[in-house]
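Order of writing sets the chain letters: A, B and C. Residues in each chain are counted from 1.
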Amino acid sequence: MTKPVGIEVAVAAAEAVALCNIDVAAVYPITPNTHIAEHLSDIVADGRLDAEYITVESEHSALSAVMGASATGARTFTATSSQGLMYMHEVLPIASAMRLPIVMGLGNRAVSGPLNIWNDHSDIMLQRDSGWISIFAENGQEAVDMFIQAFKIAEHPDVLLPINVNMDGFQLTHMVEPIVFPTQTQVDQFLPSYRPFATIHPDKPLSMGTLALPEIYTEAVKARDVAIVNSKKVILRVWKEWGKQFGRKYEPVKSYKTAGAETLLLTMGSMGETAEEAIDALRKKGVKVGHLNMKLWRPFPFEELSKAVKGCKLLIVTDRALSYGGPGGPLCSEVRAALYDDPSRPEIVNYIIGLGGRDMRVEDFMKIIETAPKAKKSGGAYQLYGVRE
Amino acid sequence: MATLNTAQTYTTGLIQNFDLYAPKLVNKEEYFCAGHRACQGCGEALAIRLMCKALGKETVIANATGCMEVISSLYPTTAWKLPWIHVAFPNAAAVGSGVEAGLKVLRRKGRIPDRYVKTVAIGGDGGTVDIGLQALSGAMERGHDLLYICFDNEAYMNTGIQRSSATPFGASTTTAPAGKASIGNKTWKKNVPEIMVAHNISYVATACHSYPIDFMNKVKKARAIKGPAYIHCLSVCPTGWRAESKDCIKLGRLAVETGIFPLYEVENGKYRMTVELPENLRPVKDYIKLQGRFRHLGQVELDFIQKRVNLEFAKLMQKVECLKSWTELAKQA
Amino acid sequence: MKKQWPETWKEYNTGGIVFEPGNARSFKTGSWRSMKPVWDNAKCIKCGVCYLFCPEGCISEDKDGYFIADMDYCKGCGICAHECWPCAITIIEEG
């Protein structure tokens, strides 16, 4: 077990990716993912990692180049945020359809307009239907662990899907945190070398990215959907294996002090840690409140969510994105849909928080828990927390 | 009786008729199989077929969305016998960059057999000169060992003959149609080979399937370059140009003989005509009158086109006569 | 057992990959044509220009060095007849 080092999370992410011995990376800089791009290119320039680092001219080309490389059988990586992710959006679903196990690091950032470089989840929420596996890191250690796990999950022969690891931009990517790095030997043991099921090479010519007529498109959709739904089994196995080898536990929905809790607060991403301080403070006062942090976003963890909210009377779902004119935040809409048929489902309140990098302090979470019982719940209602009226 | 549709030079002499018997020397392997769904008389399909013969087996193709991609890769069939990947419309050059990088690093790490495999990215004029220009420029600038071939049929043919920046002046397309208030496309064809020369790549060439040996020689030459190279291949589209399918080869020849699409190479900045043309070019009218997309043009437009073609040809001739190769210039510097 | 078209979702190749190179040959485009080429071998000079210019690549050399189009794929475009130097190919209506 190595000693923890104090390191900026984005830099640590690049180090984690380098430990995975990637072959090709194409990363276009955009705040706040720039430090991943820069540090990874440092590692390659120093000869610490034997990889081709393509300085592409746009994010669309970044993902396209990485897809081309992945098709040859290379282990590939890219990273982006917000506008860059949106620029890649055209190719994002294609990476999933072509079953290319690409790993992407996301420094979650608000989507324009207006232009805003700070953190919220609107960028990843706009990619919900793209068919990528999505996991969310709550802190720097999780980010590092998740990048290594991501390659194993994506490349598994029963999965073969691209995966994005989400880190809150600035609020996580630019924090200096104590992180324990696995050794190269440990990573090599955990992560075998990539064995692609099909590659483009003259030894076995094949055609990738063919056209699908209406007769077959539905079947293509079903095949892909089954793959992503079944990937949960692999994700849980990989997390179990990680827990055994490294002693750090990962689960789709993490529960914190939920025993006997009548009210639960659900978060995604790094704000969970701040929320837990609020939970601690309220528990000291005797308030029966607990915290859930969702780490697996796609495929959606229906079973784990249902189990986690058993016995809870009020579920406060915090979203960091808004679907304009829709039923509130994406996380809450999906949670409501997931729990709809559960006769013992809790009442659900939606708070939209921390948009465009607006900070959420412990007091803010305490205020939310305090005001939630009186907040409007029905008709797709949501509360835009902290908006100045 | 069908006329012999050959250039004036091909009248007598065994040496001048060399091109006549050259088909016997061509690679007989068909890497682009029959059964593809191109229109009858498709010049682009012919060009692809010839390109594959020149490239040979040790090649990977990255193809942009377009006619050639759609007609050749309808799941569960493929007309390609070469390894082939299609991702999207604007990114053939970016995908090609990734394939090249992937093959390079995997060969270096010993994960694929230790022999050279060429990466070739192809796209139509849409996927190259318009939506794909950014990716092309990036790939060429980064110096990948990538050959890019643009198959230019002068419009977005696959989606229904819409105007591209490679559409010639006066052509009627479905988004720049001829009408009472318009002569069709109002802009001159974008000169992409010049843009590629400006990227300082060592080999740029124009070609046409109607000069198959010239085209295949250029493909072979470009393939041998361990760096970026670009070929712009005029591909006659009888459907989109509203011409007879049998005139496919003839139209390509006329495009060259009228000076509208001269065939040349630029090697390290040195311009050279690969098909010599007589001093008096054929009048553009010979080319234009065979195509329905130009049938609305009057004498004024024809004169304008003739003058402009003469000017563009003169610009090229000046480059051929005056510009030195960069290697020569470097010696003098 | 060979797959029947259209396939079930389980049969759909992962990623939509087509593993059989050149299997487009199973699609016989010959049914498209309304005209077809006919060779007069007496005039043929065995140059191979027709073979070179066929967009389908369906013209091949027989054992005597003459050329013939594969009628399974010939779309009847007329390029071969138009390019033939000694005018040995005529295009006639598909009977």
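One rule holds in what follows: contacts are C-beta pairs under 8 Å (C-beta built on N, C-alpha and C of every residue); 3 or more make two chains touch, one makes a residue touch a chain.
From a predicted model like this one, the values you see are computed outputs, not experimental measurements.
Novice: Sort the other chains by how far their Cα centres are from that of chain A and give me the top one.
Specialist: The chain lying farthest from chain A is C.
Novice: Pick the pair with more C-beta contacts: A-B or A-C?
Specialist: Between the chain pairs A-B and A-C, A-B carries more contacts.
Novice: CA centre of chain B versus CA centre of chain C: separation in Å?
Specialist: 23
Novice: What is the distance, in whole Å, between the centres of chain A and chain B, each centre taken as the mean of its C-alpha atoms?
Specialist: It comes to 44 Å between the two C-alpha centres.
Novice: Taking the mean of the CA coordinates per chain, how far is chain A from chain C in Å?
Specialist: Centre-to-centre distance between chain A and chain C: 51 Å.
Novice: Find every residue in chain B that makes contact with two or more other chains and list them.
Specialist: Residues 73-76, 78, 80-82 of chain B each touch two or more of the other chains.
Novice: Of all residues in chain A, which are in touch with two or more distinct other chains?
Specialist: As it turns out, chain A has residues touching two or more other chains at 98, 205-210, 212, 216.
Novice: Scan chain C for residues touching two or more other chains and write them down.
Specialist: If we look for residues of chain C contacting two or more partner chains, we find 5, 7, 16, 18, 21.
Novice: Which positions of chain A touch chain B when the two form their complex?
Specialist: 23-24, 26, 50-52, 54-58, 60-61, 64-74, 76, 90-91, 94, 98, 193, 199-213, 216
Novice: For the complex, which residues does chain A have touching chain C?
Specialist: Residues 97-100, 160, 197-198, 205-210, 212, 215-216, 218-220, 222-223, 226 of chain A touch chain C in their complex.
Novice: Once bound in the complex, which stretches of chain C touch chain A?
Specialist: Its residues touching chain A are 5-12, 14-19, 21.
Novice: Which chain C residues qualify as touching chain B in the complex?
Specialist: Going by the criterion above, the answer is residues 3, 5, 7, 13, 16, 18, 20-29, 32-33, 47-49, 51-58, 70, 72-73, 75-79, 81-85, 87, 91.
Novice: Name, in rising order, each residue of chain B that touches chain A in their complex.
Specialist: 57-60, 62, 69-70, 73-76, 78, 80-88, 90-91, 93-106, 108-109, 111-113, 117, 134-135, 137-138, 141-142
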